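Following this line, the structures themselves.
Next come two complexes built around chain A: one with chain B, the other with chain C.
Now for the complex of A and B:
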């Protein structure tokens, strides 16, 4: 019999957990609330939590004053583009390593992982110069390529751990029945692999959306995604809290929602299958 | 069993990924190594010359390097201590029966999904600002003088911001590990009279040790490269007080246009990261039966 949690204990645990949870979430909550204040109310002392005149003017202002929509679309195109390109390259690789393992498969996987350990600053100068010489600075395509390459090891690894869980006997049975390699992939494997591919897609969109080394160093204005656009709020000191909050809320909302759906995959993806 | 035909197909399928990653690793990295032996400034094109280990001598003997190295270690160590201790505590708490567990989990995980530039700016302006920040309001309400966090404790402030971002990651992974613990073992220990502390020390902690190691290693890889948080809050200052190795290399190469010096710094960063990476690779490799 499981130990019966006493009522008092459960109440105390609930209280403690909710307090800690709300404290950790508070900066995000505060940003969202501030985005609905006027600039004057945003810096009022003492600040009010919810008893202020709610307004949407900051959202209107942020869109009117800067080309917010352009940067938002840059984020969408870059994160989605690099993820899809990465999947296109990684799915065949992970498939072959999971189902046709060779002697060196483990070495190749470990080596791919090791490329992820390369600190970006170790290749900053050459990448910057290559981008300059090929006219790739401040272009979406340039960032898509870089983000694809830095996330490729994670994509391959995540897919590999998912594919590994598909029983090989099913493939053998299909092969016995005379299925070709193509049939095998399309009719047997793909349906079983879809959940794993979907989780990988989700996690990588999140990683690419929030990537803030290459996006800051390789873009200026045209191709700047939201990470770089928000950074431009760092210079002017003064009465811009409400607008900063509105821009921030818009930037994090989509990924916050996606993220909540992918909690479980996050663990597997970011630990390279070491913790499931 | 795999046929010769399928083996050939497998090799074809794996090659794009291998070739691309090989290119990504070898081409720029060898360029960095090459540049690191040159006297090469973007402002003086055509003046490149081979100077051997001159850049390394310059970079490693620069007082800024020592300061940045210490800052890097403090940043990584500080964030690790906060996230591991906090993460273990939170995981233990969230594993208990309670009302609304799912919602609390969501609240705790949320900071991980906030992009680094947003979290850094929100903390810098809305919390740590000495005039209009929430902490300043709080200090005023308590009758204390406001404290200018980013001017007087820049590194500690950045550690706080980065720890807030990574605490969810540690919590989530440690909670996942904790949930796979056999609860009957704990009950048996309790019946045998083991105290809560003993149960934690001799059953829970050993069970989580693997997950803790993984968290430490993976976070270290990312924490060595903290960049955006420094760029938007302090620009590495005042002086070099909040400059880490990553930021120092960035400043050297893209602000001072010293490609040679920056490249030497980049190679130093690669070597530092590799020391950690070797341990991480061993951990993960053990878990892999390919």
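Now for the complex of A and C:
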């Protein structure tokens, strides 16, 4: 029997959906609200939700104390750079795994995924030492390399899933039609996989933008992205909640806006292959 | 021209030999059909000729030139796939022009050839549509169009009609046959449907488990099947097989008799039985007659027949159409 959406049922479902959504979004909302409070109001108990004196002084002070634009540019360069480098490596890798699978292809895929199960802190010291010896500490290029490596398994997996959906016969048809490997990838495979590549690109920009462990540990000032910018406001004295919130809001705003505009692509990307 | 020779070609996937050593000669301009039950290796054989699979050993010669190690793009063959394999992101025009674009042909000439192919295949009104906006038959025609524009040495068809409905299949069968008449290019056609094989082929290659069971014209295979497998595979409905004492009485281990070569008589006849199911097609009637000690025999009666379920009948085979086979299933000549 088909389920019928009666009036009450619809309202209940809508309410439930909104409560879950709000519960997930609440920390971010609270951060944004706190960023408009004074430091005193930020730690007031009980806290007031919106009935406080709205102020922009935290933003003014945060801008005066640190160079937001520098950190913003670092974030942009690092997340875009690592994503593009990752795609460059992952497209051929995913192509070969999807269309010329070998006996161990499945194992390689699983092994790649297993690296994501390792706690990153386990390799912090060796990577730190390598970075120190190669002069990569606190450089954008160093972070691009490390974030590429961190996200590569996800990029390869996502592209692999997309490429798997493209019927091999179409590529064979291209070969019969006289296409070289290059023509096949440029004229047939890539245009057919554009939606998949776009979703992968977006998701990885977001992952790289939000990555905090490596960016905090491998940077000091010059190459520090927005994550390090936020962290610089968390002091042991703990009396700077409002400024910390203002810095956080400034840091997450660009990616929130990007995510908002690309949500259709993202949802498709994340659920692709789950349903045919 | 499109003469294709396979000598001692084999193919194995890992330890599994799909094609044991096989020799085959395909003459220029011939319409050759590979037919056999599913899993007999007919598609693999086609893909070996296309170059989409590498041969494990042996030689393939196309148009007098060794092609064994050539990539598919350089064999000058065109292929039509079962799934049509059209490029979904390109218009019909671009789909058909794709092989010409890959050959870096002059755009004006490309356009001229695309229009000519579209005219032949009744696709002129659909040139700017995407494959997703076409019906199955139209997609099939686009796939054929993409194959004919580049004037290949030979066409390879991999079960091209199996995704179409019955009426359309008959139409496309005729269109492909007509295309062959007008182009006179070698065509290799893979199917599991013996009706397609019988109606289209100049030469049929019957395959079983990678082995060629028999090669010949449709009527040769119908009249003189080399063995029981070919005898049962070619012809519709299937040949009746009689074994045991009845067969020995007629001087063979196994006797085959086609439904159209069994007559129903009032008196005499070799076998007596009772009519089970009667299938009335209008033009023909197929009676399934249950004979003691044998599988039901199918009898074809031209036109409408008055026999009904339960009637007792006598069957007389036409002696000149009896097929005799030995214990290994080979035809006794």
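Everything that follows uses one rule, which is that the second predicted complex is superposed on the first by the 210 of 276 C-alpha atoms of A that agree within 3 Å, B and C clash if a C-alpha of one lies under 4 Å from a C-alpha of the other, contacts with A are read in each partner's own complex, and residues count from 1 in each chain.
Definition applied: a contact is a pair of C-beta atoms (placed from the backbone, for glycine too) under 8 Å apart; a residue touches a chain by one contact, two chains touch by 3 or more.
Here the structure is a predicted model, which is why all the values come from computation and not from measurement.
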Which of chain B and chain C A:20 touches, first, second, both or neither: first
Partner chain in contact with A:222 - chain B first, chain C second, else both or neither: neither
Which of chain B and chain C A:192 touches, first, second, both or neither: second
Partner chain(s) touched by A:65 [first = chain B, second = chain C, both, neither]: neither
Touched partner set for A:178, first chain B, second chain C, both or neither: second
Touching partner for A:122 - first (chain B), second (chain C), both, neither: first
Residue contacts on chain A - larger count, chain B or chain C: B
Touching partner for A:100 - first (chain B), second (chain C), both, neither: first
Chain A residues contacted in one complex by chain B, in the other by chain C: none
Of all residues in chain B, those that touch chain A in their complex: 2, 5-7, 9-11, 13-14, 16-18, 20-21, 24-25, 27-29, 31-32, 35, 90, 93-94, 96-101, 103-119, 121-127, 132, 134, 137, 140-141, 164, 167-169, 172-173, 176-177, 183, 187, 190, 210-211, 214, 218, 221, 224-225, 227-228, 231-233, 245-246, 249-250, 253-254, 259, 262-263, 265-267, 269-270, 272-274, 276-277, 280-281, 283-285, 287-288, 290
Residues on chain A engaged by chain B in the complex (per definition of touch): 2-3, 5, 10, 13-14, 16-18, 20-22, 24-25, 27-28, 30-31, 34, 43, 45-47, 89-90, 92-93, 95-97, 99-102, 105-106, 108-110, 112-130, 149, 152-153, 156, 181, 206, 209-210, 212-213, 216-217, 226-228, 230-231, 233-234, 241, 244-245, 248, 251-252, 255-256, 258-260, 263, 266-267, 270-276
Residue ranges of chain C in contact with chain A within the complex: 50-52, 71-74, 77-79, 81-83, 85-89, 98-99, 102-103, 146, 150
Contact footprint of chain C on chain A as seen in their complex: 167, 169-170, 172-180, 183, 187-188, 191-192
